[in-house]
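Heads up, there are several structures right after this.
Same chain, two partners: chain A is paired with chain B first, then with chain C.
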Partner chain A sequence: QNILTVCFSVGYSAVALNHVIDFKEKKQEIIKPVSPSELFPSLPIVQGTSKRIKVLTRLTLVVCDPSHCNLLRSTSANIRLYDIIAVFPKTEKLFHIACTTLDVDLVCINVTEKLPFYFRRPPVNMAIDRGIYFELLYTPAIKDSTMRRYTISNAISLMQICKGKNIVISSAAERPLELRGPYDVANLGLLFGLSENEAKAAVSTNCRATMLHGETRKSACGVVYTVKKPRKVEEEETAVPACKKAKTQA
Partner chain B sequence: MVRFKNRYVLAEVVSEDPRCRQCIEDRTLGLAVRDAIARVHGDYGLACCSISFTVKYLNAYTGTVLLRCRKDSYRLLCSALPFVRYLESRGQRYPCFLNTLHVGGTIRTCQKFLIQYNRTQLLRLLQNCTTEEERQCIQKSLLSCSLTEEQSQSGDEEEDDGTE
Partner chain C sequence: AAAFERRVLRRAAEHHYLRVRLELPDGGARPNAAQFKQLVVTALRELHGEVGAALPVDVLTYEEKTLSAILRVISSGLVKLWSALTLLGFYQNRRCAFRVLQTSPFLLALSGNSRELVL
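Right after this comes the complex of A and B.
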């Protein structure tokens, strides 16, 4: 909760709380996300504007095996309560699957160790077309020097393939002092090889597009299961162009 | 026209420890920033940035810092500022971070930005105020913010005396 207060005082207008699911243990159940109203009785107002701050919930799946991806297609209701879904692929095959067929909003790029696989252009281009964003973390870079080297080398290799599009920079801060303001994070983007425009977009417009993508994913999912109701079918037709509009709106 | 162009970076020191604010000095901050540049950009970066590097203005009550560097190397400086993790003074380490507010070409533009920023901060504090005295104190300082140096500084101090 401390972290959130610092976030708001520094100037972020929307924050997503992450919950990581790792598949190494045998039985994993997806728990319900913590509702933001439990943390704050009334959400404080963004600095500078008069809107309230949004707190979203986010799920990250660490996948080492293609069978783990079945969880995304399962009928567990809890998954749909999360606003944003991210996947963390560990092998090249999984990266390909995540970019091309999986129904996620973000693909996390590992920054804590040297990537076991090289990025190839076809899956990355398909992900850009589908509106999936690649995520880089910056908190390990602040903490440790070797992590910094891995972060920068992985980030630059990603930039060379995707030309700086569809990048989101986020923090995996566990303490309030590991957070950095939005202007600082955009400057970090310069270190990762982004141009100044792209770096500012990585903090602002791309994140907003991810949120919209998550919303369209939620509404589209709802349609598949209720085909009989004519009202929901209309929602499907508006959801599909909205997902293409998400990039131009943001 | 031959003139050295500088960039002035306005930053705010954010820390959890209230003692950290008391030990903010220009030397400790300068050392911390130089150390961060050296860690991130190495010897070349440190040498480039320290051509005209000074801490121009420091306000220990609000934690506002104004740094100066050359226009050619301000990107190196800005990209190394997120890596400042602690301030060290008299053998004590205080964890903190710097939040960049504004980069300007002259001190005057940074000052104008700082006055607007302080005004919004005072408004925010006004909302969280509990006692009536504090409210009046803050409202008075809000009305007296202006571009002359002494008044803007007294605006800062009044805000902190009212709430701390």
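Right after this comes the complex of A and C.
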């Protein structure tokens, strides 16, 4: 709760609380996320606008094995309660699966140790087309100097493949002191090799796109769209604008 | 007609100014001005090495009570200094954090902070 108070004072407009599930231990059950309204009875207002700060919930799955991904397809009710779902692949095959077929919003890139696999262009391009973002953490870089080197080297190798698109930088802060302001984090993006535009987008635009991706994933179960049928009757011409308005894509 | 001269400066400003605040939550000894400068240079050395530590940084003002300072750095070194301050985690084995409050190429712009306006 202290961390959230610091977040608000530093100037973030939306925060996601993360819950990590590691599949190495047996009998992992997904518990219900903590509802944000329990923590704060009324959320403070973002500086400069009149909207309230959003607090979202997020789930991270650490997968070492393709069978762990079955959890995503299962109809466990609790998984639907999370706003954003992220996956942390540990092997190259899982990275490929996560980028191409899994139904997630974020793919976490390990920053605390040397990557066991190299990024290849085809799965990364497919992920960019699907609207999946790659996530980098910056808090390990604050704690330890070896982790700093791994963070920067992994980030640079990711940049070379994806050319700076679809990157989100986030903190895995456990204490309020490990948090940094949004412009500071955008500056870190410059260190990783992003351009200024992309670095600021990594903190603002891309994060918002991830939130919307999560919302559409939660809500969309099918797509309904109407197609204008070509009619040769003249009366239909007045009805054409109404058809165009009714064309929806969920 | 009075003669006047118009000067247009096309180059970016030479120096960038940063107003920063060091957060040290535990109630230990606060650094004085020299120790603060040493801390900034250490942060630069940890991240950018000897070349970073040699970056010409000046501490223009320092208040020990609030631990806030105004730093001046050459414009080409702004990214290095800012990233070094962001990634600094410890001061004498105590957890700390740097909060950059304002940054501007002009010193006058640091006097007013639009975020602290009470509307």
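Keep this in mind: the second predicted complex is superposed on the first by the 220 of 250 C-alpha atoms of A that agree within 3 Å, B and C clash if a C-alpha of one lies under 4 Å from a C-alpha of the other, contacts with A are read in each partner's own complex, and residues count from 1 in each chain.
The rule we apply is simple: a contact is a pair of C-beta atoms (placed from the backbone, for glycine too) under 8 Å apart; a residue touches a chain by one contact, two chains touch by 3 or more.
This one's a predicted model, so the numbers in the text were calculated from it and none came from an experiment.
When both complexes are superposed on chain A, chain B and chain C occupy overlapping space and clash.
When the two structures are aligned on the shared chain, A:G181 is found in touch with chain B and with chain C. By the document's definition of touching, both partners, chain B and chain C, reach A:I142.
When the two structures are aligned on the shared chain, A:L191 is found in touch with chain B and with chain C. Within the three-chain overlay, chain B meets chain C in a clash at only one of the listed stretches 45-53, 135-143 or 153-161, and that stretch is 45-53.
Once the two complexes are overlaid on chain A, the chain A residues touched by chain B in the first and by chain C in the second are 10, 47-48, 138, 141-142, 145, 148, 177-181, 183-185, 187-188, 190-191.
Chain B contributes residues 14-16, 39-40, 75, 78-79, 81-83, 85, 95-101, 120, 124, 127 to its touches with chain A in the complex. Interface of chain A with chain C (complex): residues 10-11, 47-48, 138, 141-143, 145, 148, 175, 177-181, 183-185, 187-188, 190-191.
Considering their complex, residues 23, 25, 46-47, 79, 82-83, 85-89, 95-97, 99-100, 103, 115 of chain C touch chain A. Against chain B, in their complex, chain A makes its touches with residues 2, 6, 9-10, 45, 47-48, 138, 141-142, 145, 148, 176-181, 183-185, 187-188, 190-191.
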